[in-house]
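Chains: A, B, C and D, in written order; residue numbering restarts at 1 for each.
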Amino acid sequence: MSDIDFVGLLSFVPAILRVTTPILLAALGVLISDRAGVLNIGVEGMMLSGAFVGVVASAATGSAAAGLIGAIIVGGLLGAVLAGAVHILKADLILSGIALNIAAAAGTTLLLFLMTGDKGMSGSLASQVLPKVTIPVIADIPLLGTLLSGHHILTYVAFLAVPGVGIFLTRTPLGLRLRAVGESPESAAIAGINVVRVQVMALIVSGAFVGTGGAFLSMGYVSWFSQDMSAGRGFIALAAEVMGHGSASGTMFASLLLGAAEAIAVALQGRGLPSELMQTVPYIVPVIALVVYARRRQRLLARA
Amino acid sequence: MIRSALASFVITAVLLVVVVGIVLVPIAMQMPDPLAVLDMFVLGPFRNPRHTGNIIEMATPGMMCGLAVAIMLRAGMFNLGVEGAFFLGGLATVATVLLVPLPGWAMAPVGLAVGAVVGSSVCAVPGLLRARYDASELVSSLMLNFAALFIGLFIVNYFLRDPTAGAMVSYKIPNDARLPRLVAGTRIHLGTIIAVAGCLLGTVYLFMTRAGFESRIVGLNPAFAAHLGLPIRWILLRSQLIGGLIAAGAGGIEMLGLYQRFSWQGLPGNGWTGVVVAILARDNPILLIPAALFLSYLQVGGDLISRNFDVPSEAVGLIQALVLLVVTSSAIMRNPRLLRFITGRKAAANKTSGPKVAEGSAA
Amino acid sequence: MTNAPLVAFAGISKTYGNGTLALDDVSFSIAGGVIHAICGENGAGKSTLMKILFGLEQPSSGAVLLDGKAVAITSPRVAAGQGIGMVHQHFSLVPSLSVTENIVLGQEPRRGAFIDRAAARQRVVDLAQRYNLLVDPDAVVRTLSVAAQQKVEILKALSRDVRVLILDEPTAVLTPPETDELFERLRDLRAAGLTILFISHKLREVRALASHVTVLRAGRLVGDAPLDAIEDDAIARLVMGQAERPKLKRGGRVSGAATVTLADVSLAARDAADRLHDLDLAIHAGEILGVAGVDGSGQRGLVSVLTGRIQPSAGAIAYDGHSIAGLGTAALRQRGLAHLPADRFHDGGSKRMSLVENAIAGAHRLAAFSSGPFLKRRAMEARTVQMIERYNVRAPGPKAPLAALSGGNAQKLIAAREFATEPRFLIADQPTRGIDVAAAAFLHERLSELAEKGCAVLLITADLDELLALSDRIVVLYAGRIVARMENGPDLTPERLGPSMLGLESAA
Amino acid sequence: ADKPKKVIFLVNGTLGDKSYFDLGAAGIQAIKAKYGDAVETKILEMGNDQTKWQPAFEDVSEQDWDLIFACTYEISDIIAEVAPNHPDKTYAVIDAVVPYSQGNLGNVYAVSFKQNEGSYLAGILAAGLLKDGTIPADQGTSIGFLGGMDIPGINDFLAGYIEGAQSVNPDIKVAISYAGTFDDAAKGKELALAQYRSGTAIGFNVAGQTGLGQLAAAKEVGKWALGVNSDQEAIFRDTDPAMADWVASSMVKKVDVSMLRAYDLYVEGKLPVGQVEAIGLAEDSVGLVETGNMAKLASPELKQKIAAAKAGIIDGSIKVTSGFNLDTDKLNALRDSVRP
């Protein structure tokens, strides 16, 4: 096979970026929640809801932007709901997240059925998609063009959000407070910070990111919503965030790793190897990466 | 301690009935006979022994997976491999029964033992990686669940598949290997007794043995464990091995108890139920029994109304989600006055909320 | 301003959720512009009262009056708004944040949407200089020694615009010169019009600093007087409800063979405060060897290598002449090691476990407490009850969680556990930090008793009175080296130890 | 009039699969539409927890339903267990076979679809479009197959598809991918893109929701796709015509029609219970959509070739291998023979 050459590898880049985009957006959302001490387990449900509302809102308004805004809003709303469960009902954070996931799966299907008479997909809704972006000059440069230009707009959003979230967490007052609240709520309260408010805000922002990731699925990857279309990406995003060790760039690299593993598994299909074994690749690669990383960290610690 | 946990359990149960009523009433109102719907949901499961049996059958894997989760959580490990262990345990049990020539009486015990050992790897490997390299068990177990799924499907496809069955399923599990049914007219099987016994043994293990005591020390405060010189890595690994064996054994029991063939094509979800059951029971093995039964009861009630009335199955899902929320909403539940009312004594109000973290060095 | 006092407590009572009556109808007032001390033994209710003033707890009844007006202080924000600042002894710093970040947290200087990092850093540098509490503004708090964290804590309180400053045992981890520095600054602050509430177990400090003292015992107000109207003995009697602290003075009893020897032990650690260089030391059976030194001079590293947590990077350690290379904590404990750790809740026990479990943990594999794989819960409980009685631990019962005990009582229980194994070698690391006089005296007696029975005791403490009262010999650690060795005797005073502790003079 | 007949359809999963279950639901609607008040219908989703299927079957069998529908092979064992205890009830299982050899299933009617026959035509279409240059060679030289999982029900499509393509071009290459999921349209798109990228000119999706991702990929790269089960061009014709334009045709499987037919027969008392009916091209139960894009795209010669193959299959002169009877080794051999 000749696609191991450089250009062949380069043609992989768009695939990796595509696969990574929804994972990264959701993982950034998880990151913000986690740093605030309220790990967002409802990420799967928020993603699904974002995908759903993106389609419905864009079909209703005829505007893709409205769809995206709808997805962001519903993500934020669900974040607020989760925050309410945790802070008003004082419910268990993890179970509330699981509950949200169950409710979102059932709720989107039910609403889809009420709107279209179909439980499976929104094919009958004339929803819009968000555009791809061609960067004028760069697009024409041979290698760089493939690398940097022609991706989906939310792919750019996701990767540009990485430094954004990083700077937010480390350089802004709110980011600092958020980290303090996440690590040591008592200390933050003593410093005069309203812990509940910070956590509510973090979950709302988290939900907005995750909702955007959902919009990428239904308004970028494909142009419709289908039942359970998040297909476990929320959990992958959780894993990416944990692997990223709490930093935005770490989360990005972990997401890229998971995305690349998935893209490799896709490319390995049809080579005559049992498909089931190929499908384990995206799950085994991260575990190996995790171990390699952990060993390296151990060795560094040991040397110091 | 068990008593106060039981108190919040009772409050939860009462509350749930109220909440489910609130959700259900509007749905019921749309039906010609609203009272019948409510009646079916609340009492239906007990009218027919078969349905009561369904509760118990369904609670069996819930108890065991809950036990596996609880034992690992008590050692401070958030290992989600229970789901994959359950799946792989079921598969390996069936594979043993089908592929290894065994006398009939030995099929179930040998199959379950092999299944438990093989399946436990999904929990044990993350445990090992955590103990050895300090790699997050949450991530690796989450990932290995899916790896176990696909490896399992590969095994079914290449080694166990019955080509005459039409679907991707194994050959039939021989009758000799099936677990005996205990109550005529229901599918309640020996596994239920194993699960209940497991929960009791789990209590003994955690609170009455040295090993359980040590794992709780590690779970609550690893720095304290290190101060005492406890072999922390081994204790971590051990609790995840035990959890894995239980979860995988549960998968085998489920297969030999209720299935005719190995027919899972995806992760069956019992591991997640186990997480819910364990959190519900506050990691207290004895309370796993009522917790699992209660969740199953709600399920069966929901199934019954959707079978008998035009209630969409998604509505049942929504009810479930709400139930989960209420079950853990300690705002009402941990109200000290209510607790005192139930226990009839002064109860300590513990003010934990949010995820549990070890008190010493946070993870 | 009329003559209404700045702060007044009017009939404050506080019952915690678990039923503990921490404060019982406490009323007194604090005049503006003074340093006002609050004394009382462990669990007397001092911290509770201060938490009420700072908005961390709400009184069950009674009111707090500021300038004569009742104010509902519902949160630390409200307190801050009223100009009340507090120095907490524990957990009010965020470990992973830098010193600067911790100090500006909640009132960050901004430039646009961002934190003005230069301004923030400058604020800390200025503050540190003004109060002469030197800390590295860029250091991550987690890596700092307890003493350095204490300084950050104080700076943080001072960085707020306060008119009332609460200091809850601020000196427990400071060296005498540092304490003196702090007191200078506090006097300056008072001169500048600040009102200071000062909690301490050390009468000497109270006497040196404050002009008024209030004494609490078991939640009740038992004394409230200007300091020039009350004798030390009287205060002590009020605090303890009995006689004054027994003065022990040991010294010079180097008896038996060396139980533990260190030969050229070095430790290369990431944290400079943990490093050790060429330590040569022998701890003999029957002696108490005191280790003096500014916090962060290598004490933590020394404890780590002696307890088998970390293997030294060079040199050899032997117990009874046998090398312990490669042995872990468990093996060493079997060879007779016991260790009273500096941080009682972090290493010494589990807050959520019962007293029984905390008291027996570690010994639970002994035949007395287990048969086969099972624990003998009844035997465990019986032994715990004994310990509680013998060590005079004030506790609701053996099944209560450790968290329900006040600091001093928790420490007694942990000491009871460590001493119960009849150790041959004991490391007592800050055994009485933050503990009231009576409890401290009790623990001191137990330590001497152990030494008399032939145990080799290594005493690490920042409290020089304690060091001098208990030690037979003293070594001084500075920057990971032993810079002085001396026999204890009547002529050894804190003043003589000071210079070598600060690395100014080597008497080795 | 008589009291209405009661018909229930038990879904061993959930609706929305864009496959058997949705088609079955359409069949129930067709029955209701045709018989109106003379029939009472219900669809019950039993969910994905397999342990709940048998209790649901038992409950429903105890109620007063006259005809109980179900579909897929996954449910065969359970019907075989429950049906004998309820001889007064009639069961119709679509797209599956029950073990009649056990002798007590006289009240069960089974229909098995010869989807391999329809797929054979799809194979001819795909390979034919390439061979006659309708799809220019620079679009790619191989054809594709995107399966949901590597399972018999999917491989039955594959076997027919390969054989049909080979009948046009014995050296045809088929890129084969399995997604491992039926829910993940994004993954389906990614797999399809990978196929298109490596030289596939036209692909066939048999993967439920996942498979629809192939259409999005086809639109993106401007290559052709073949739909399955229902007319996928029609699904998107109104809402996304640009995508619909790339659906060359669809291999339809008329589960709904066969359900209606079963009910017709049942009402007439002619339902052949106790046996399995294998239906395919001859019964017009599977086939290619020949309207829409197909009508414009395929050359008259190709259309003729397809018609001829159809006739051949119906008269038995062409035998299409069934994916159900292939063991794993034979299946691998078949797949290896067309690997690009």
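The definition used in the following text is that contacts are C-beta pairs under 8 Å (C-beta built on N, C-alpha and C of every residue); 3 or more make two chains touch, one makes a residue touch a chain.
Only a predicted model underlies this, so the values are computations on that prediction, with no experimental measurement involved.
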Winner on contact count, chain pair A-B
How many angstrom lie between the CA centroids of chain A and chain C, rounded to a whole number? 46
Distance in whole angstrom between the CA centres of chain A and chain D is 34
List the centre-to-centre spacing of chain C and chain D in whole Å, with centres computed as mean CA coordinates. 75
Among all residues of chain D, which ones touch two or more of the remaining chains? 14, 150, 180
Note the residues in chain C that touch 2 or more other chains, in rising order. none
Where chain A touches two or more other chains at once, by residue number: 109, 183, 274, 276, 279
Pairwise touch list, complete, is A-B, A-C, A-D, B-C, B-D
The residues of chain A that touch chain B in their complex are 37-39, 85-86, 88-96, 98-100, 102-103, 105-107, 109-110, 113, 183, 232, 235, 238-239, 242-243, 274, 276-277, 279-280, 282-284, 286-287, 290-291, 293-295, 297-298
Contact residues on chain C for chain B in the complex? 17-19, 307-309, 328-333, 339, 341, 345-353, 357, 361-362, 364-365, 370, 373-375, 377
Residues of chain C that touch chain A when the two form their complex: 54, 56, 75-77, 80, 86, 88, 91-97, 101, 105-108, 110, 113-115, 117, 156, 269-270
Contact set on chain B toward chain A in their complex: 129, 133-136, 138-140, 142-147, 150-151, 153-154, 157-158, 272, 275-276, 279-280, 312, 314-318, 320-322, 324-332, 334, 353-355, 362
Contact set on chain D toward chain B in their complex: 14, 42, 44-45, 47-52, 54-56, 58-60, 63, 72-74, 76-77, 81, 96-97, 149-153, 180, 324-328
